[in-house]
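Beneath this line is the structure, given in structure tokens, with notes to follow.
Labels run A, B, C, D, E and F following the written order; every chain starts at residue 1.
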Amino acid sequence: MTEDGIRCDGRRVDQLRNISIKAGVLKNADGSAYIEFGKNKILAGVFGPRDVHPKHMANQDTGILRCRYHMSPFSVTERKNPAPSRREIEISKVLKEALQPALILKDFPRTVIDVFVEVLQADGGSRCAALDAAAVALADAGIPMRDLVSACAAGKVADRIVLDVNNEEDQEGQADMPVAIMPNVGKVTLMQLDGILTPEEYKTCLQTAIGGCKTVYEVQRRALVERYFESGEK
Amino acid sequence: MGSAILDQLRLDKILDLLKQGKRLDGRALDEQRPLIIETGVIPKANGSARVKLGNTEVITGVKVQPDKPFPDLGDKGILICTAEILPLADPHVEPGPPTEEVIELARVVDRGIRETEMIDLHQLVLIENKSVVGIFIDSSVIDSAGNLFDACSYASVAAVLSSTIPKYEIKDEAPVLVEGVTSKPPVKTLPVSVTMARIGDYIIVDPSKEEEMCMDARITITTNSTGNICALQKGGNDGFSVDQLLKCSEMALSVGTKIRKQLEQLM
Amino acid sequence: MTEDGIRCDGRRVDQLRNISIKAGVLKNADGSAYIEFGKNKILAGVFGPRDVHPKHMANQDTGILRCRYHMSPFSVTERKNPAPSRREIEISKVLKEALQPALILKDFPRTVIDVFVEVLQADGGSRCAALDAAAVALADAGIPMRDLVSACAAGKVADRIVLDVNNEEDQEGQADMPVAIMPNVGKVTLMQLDGILTPEEYKTCLQTAIGGCKTVYEVQRRALVERYFESGEK
Amino acid sequence: MGSAILDQLRLDKILDLLKQGKRLDGRALDEQRPLIIETGVIPKANGSARVKLGNTEVITGVKVQPDKPFPDLGDKGILICTAEILPLADPHVEPGPPTEEVIELARVVDRGIRETEMIDLHQLVLIENKSVVGIFIDSSVIDSAGNLFDACSYASVAAVLSSTIPKYEIKDEAPVLVEGVTSKPPVKTLPVSVTMARIGDYIIVDPSKEEEMCMDARITITTNSTGNICALQKGGNDGFSVDQLLKCSEMALSVGTKIRKQLEQLM
Amino acid sequence: MTEDGIRCDGRRVDQLRNISIKAGVLKNADGSAYIEFGKNKILAGVFGPRDVHPKHMANQDTGILRCRYHMSPFSVTERKNPAPSRREIEISKVLKEALQPALILKDFPRTVIDVFVEVLQADGGSRCAALDAAAVALADAGIPMRDLVSACAAGKVADRIVLDVNNEEDQEGQADMPVAIMPNVGKVTLMQLDGILTPEEYKTCLQTAIGGCKTVYEVQRRALVERYFESGEK
Amino acid sequence: MGSAILDQLRLDKILDLLKQGKRLDGRALDEQRPLIIETGVIPKANGSARVKLGNTEVITGVKVQPDKPFPDLGDKGILICTAEILPLADPHVEPGPPTEEVIELARVVDRGIRETEMIDLHQLVLIENKSVVGIFIDSSVIDSAGNLFDACSYASVAAVLSSTIPKYEIKDEAPVLVEGVTSKPPVKTLPVSVTMARIGDYIIVDPSKEEEMCMDARITITTNSTGNICALQKGGNDGFSVDQLLKCSEMALSVGTKIRKQLEQLM
């Protein structure tokens, strides 16, 4: 990083990578979205609410949410084995718990909502980008939501708190903190941290990330507006 | 039961149209759906393609990396071809180990590329019997709307054509990447897969999902650039007459010509 | 191959290897057959129509057919891992689809017919030999059939189309085309091809294979006649 | 419920006969079913046998190939003994990973051969700690009609006796097959497994499937050529008295003598 | 071993290693026990009789018993993979069959009793020690039993029959014979043998093991007495 | 349905108490359950600990053995941290492959130790890129009564502190154990994990199982010896406000101080 805070990819410390989101990109899924977030290229598809198979997993008091985060074999530098890794299973759980607060599952007892995320190309922050796409796909599926979920990481690179750590920064970075919020409700629904921060840095990092989430939210909104009010496609 | 009635109604409707030489989506019997090929969609991969065949959509990535040769095949590089139907591609696909359908899909795509000898694997040897280059061609179906065989095959061939092979040098018996030096893949011929379905006495090319739901049998024939037949797989729960099989091989050659031209533009 | 078309094992180009089939060789299976086809040694056992487990796989509109092709660890030169390989899973599917046209599954709703094939020793053409044994085992089980299913491969070796490619020929061979027919109905129910053929060769190869299937059919018939009309065993 | 009644009726009938010193199939209590052994049935294997013990039938193949030794056992060749009940052997067996019953079967057969030290594994070392010969003994049950333990054990022993061990030379630290030179396996003793069941107060040898369905407990005892006891496994959901266990060991020795003579003819 | 029959760990040929058993050591299990048997350290926990999952495994005529013997990764010299090995699966089956004669499962149709054994540190004779703990845990769970089950091995070391073979002896040993009895009923419910014994040695070995089982039984009884009559804890 | 009613009653009761600053088991909101640490409980392991956190109980063993380094990490030893909930620990846990809950548990414990850089992995290299020392930290939950994250973390840290690292010499490029020579593990800092739950508007430390059953969200924060925050994991099906998150980080630091003192006594 330069002394003026210009990062290896030319961004300022508080600047997001380029983001574009398109809703309704898949034909078979009930809802879908495609996101490019820096070099991340991620698809999300949603099915449901629908019947649960196997049936004994159904809950008569509430709907359930399932989430699968999966990386394509060609998405990373070294070819990835297609079988889900422990990392992918953990991220699947964390994403599910980040999306669930935005849903009103009690209204759909005995059903399941399935969220499938495929990382076609991975860069730093793929779990946040996955979440951004998944939230748009849920909205695209017409599933009632309390709010969107918007995600973005902040971190510490070269002793400075920066927004939206990319892959190169993550390799050398001192800390990475993915965060997701429900922007209107004001809740943090995903938060993780790897790396070392002072309490003061922790506070700054969290606020920086939340700022980024709010910017992401505008991109998500625009994708839904384009899908439903500006194109005659659906 | 309801589903059985719907199946019958669909079949009746399709057969009715076929008698008039028509199909549900307005195509002629030997007409493929529009094929759109885009390459370079995954810049981090060594090659990639996104293919739309009608509403069916596939993304294929190629990874090239040093590997050990298979035992007894020390004079050849490695070629691995996989396919997966992502659960977001189809409401009936569930995450988990591959079904027999998906295993067949991957193996048929693999054979089309392997048996035509599309890639000259002998050119991928670094040290005989010890170190070779491996080419991994992984296809992910992202929208499943019939005829995954051809869609995955076209995406795989296109991804290979778009790929660049990094150069490796041997240092201390181990392969080391030479930065910035790449070459085109050693491609010898262009395999073109054409899948046909039999419904009643009719043979149709490139069946849609609805047509697959009521087809009697299926056949996938792969031809090479010199007009030979190189791989074939019959599927489905009924058979073909010999005449139908001969007709299918002719259709595979004639229909394949158009696709081959489209693929040649990527070379 | 010699110039006269005499092959490495002494056969003419249009000659099958020795085949012998015996029906009713197993006590527990509802139907069974043992085939020796060249050096192939294969057992087939059939159970059903019987109840489906797990129950949710049953279809109330029709019976279902399941097929398993499996190779013993000692069946090939290098010891084979007993877990089913992808090749075995694909062949299982192809065999199932080759047998199904001969069955009248609609008459047995909610049931399953299980066909289990074990390759005790493998030579070239094991999938065809497996199918020949499986068809006889189905008949031996008393399951109503429209026709038998008879299988045999043809191929291209040393630039000539030959019937019934053996293992040594397959190693050096230019093409291998396994074919199965319902001999009386006149349908091809299995067909695969690995290797390069001109359209003319393709036609010859197919007809050569069908000729072989018809010879195999006579051996299958004889095995059933021996089982039911010439021995007092059953 | 129906099944429970049938079970009871079967047990009553069998006990009734046992009181008269008889069994369902007419055998004496200490009488095995006829044992038929055929070797060389799988010529591509290094050794093989087909064994019929009454209606139970097993095929065993032996594969011999170079391998790396187990850690800390660098002065011994490798011995692996497996067993499988093929789904065509039994209407209740389903394809899939081995059940605990099958794992026990394989391990008991393995122990019979390993603990008697039938094969001198020290003679199978090519380079100490680096390269040895592995002997793989794989049994497939093709008809399951009771007492799979003994049938698999006899088939495994017979397959080993019928086997030929190829010669390997070391070139560049790797084993290379010497064509046309083979030797007999280094066999030191003949293990003979005898399985007995307890039904009520009666001990019977070589239980049939019907007898197994109502037995209280099971015991498999393997003896060697010098009349020692080398491996034993109790099974089943009840126990034995000490007197019964001593009687079982005597029966294993006396009944085993006849089997051993039959196996010796294969040497 | 010395000429006086003093073994490598100082024991006489007919002497057990130190054993201590404590019942009721776990809070969540319906019954539990912890055993130290030489260097073996083993926990047993029991649940049931309780509903069977999956339901189709339930038997309407009788209760069923399930047993799992598992070794912790750190229990042996070389770290053990946590997935169950074939050896662990076999021992699980043998333990189940050793415990079952002591239970009256017919009285609890449609239910299951689960016995979970965890070997925290393994020494020679871990399956016997596991069984001793499991029997106490079953009694601690209040499950009606015909008798306890008491287990101990005997073996042959340096040409002598010795009681309770430890790990070092087992490495060099000539035979190892684990035995379990129902001490009051007088039945042997577990018996295995690895190694070579003359018929006379076999007899001595069995009687030596049974003698050891009877000593173990006293330790088991004492553990239950301490649990139920000497502490006010439960 | 019954279960849903019970859940509501439990929540009502707990919220009622929280309004009064109380908890079901009488603790203050920021009070952990008593922590009892015993080390050396598995003498055959290189290090071990048994931890009781209230009624939750965990046993952790540390194994140290030579291994190959991960590719591209040839200058570091290997650290593997696992966790398992034994089926005897909880009536609802079944044997089988790890659930997503258990995978998360293991990975959060691992990150607490890895991200604080507790162990100086650079000191565990025998030959760069070829041979290193691996440290395996395996935790088994034997009684599950809430807050497994902290219990497994404390047990893992304690087991590492209690461990001795054997010395290895390189002979013929292979590591050989030097008998009788050991050293302390290269520990740089003490990670302390503090897990908090949000129930309604209340944040409580070290939730019990009953509290977990009705919590809205969970957070685990790991701090190091210099008062920095090094790892964090939010869980549960609802979220936190920013103020709550800042409060949680303060609680993690203040509550963690007491635990760190307890752990320091093991050094």
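The rule is short, and it goes like this: contacts are C-beta pairs under 8 Å (C-beta built on N, C-alpha and C of every residue); 3 or more make two chains touch, one makes a residue touch a chain.
Worth saying up front: this structure is predicted, and the values here are computed from it rather than measured.
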From the options A-F, E-F or A-B, the pair that copies B-C, where over half of the contact pairs coincide: A-F
Whole-Å gap separating chain A and chain C, where each centre is the average of the chain's CA atoms: 51
Centre-of-Cα separation between chain D and chain C, whole angstrom: 32
Topology of the chain contact graph, where touching chains are joined (line, ring, star, complete, other): ring
Direction chain B, origin chain A - full chain order round the ring: A, B, C, D, E, F
Partner chain C, residues of chain D touching it in the complex: 41-45, 48, 55, 57, 59-63, 65, 82, 84, 86-91, 94-95, 136, 138, 140, 142-145
Partner chain C, residues of chain B touching it in the complex: 1, 4, 100-101, 103-104, 106-107, 111, 115-117, 219, 224, 227-242, 245-246, 249-250, 253
Chain D-facing residues of chain E, complex: 60-61, 86-87, 89-90, 92-94, 97-98, 100-101, 177, 181-182, 186-199, 202-203, 206-207, 210
Chain F partner contacts - residues on chain E that touch it in the complex: 26-30, 32, 39, 41, 43-45, 47, 50, 53, 68, 70, 72-79, 82, 84, 114, 116, 118, 120-122
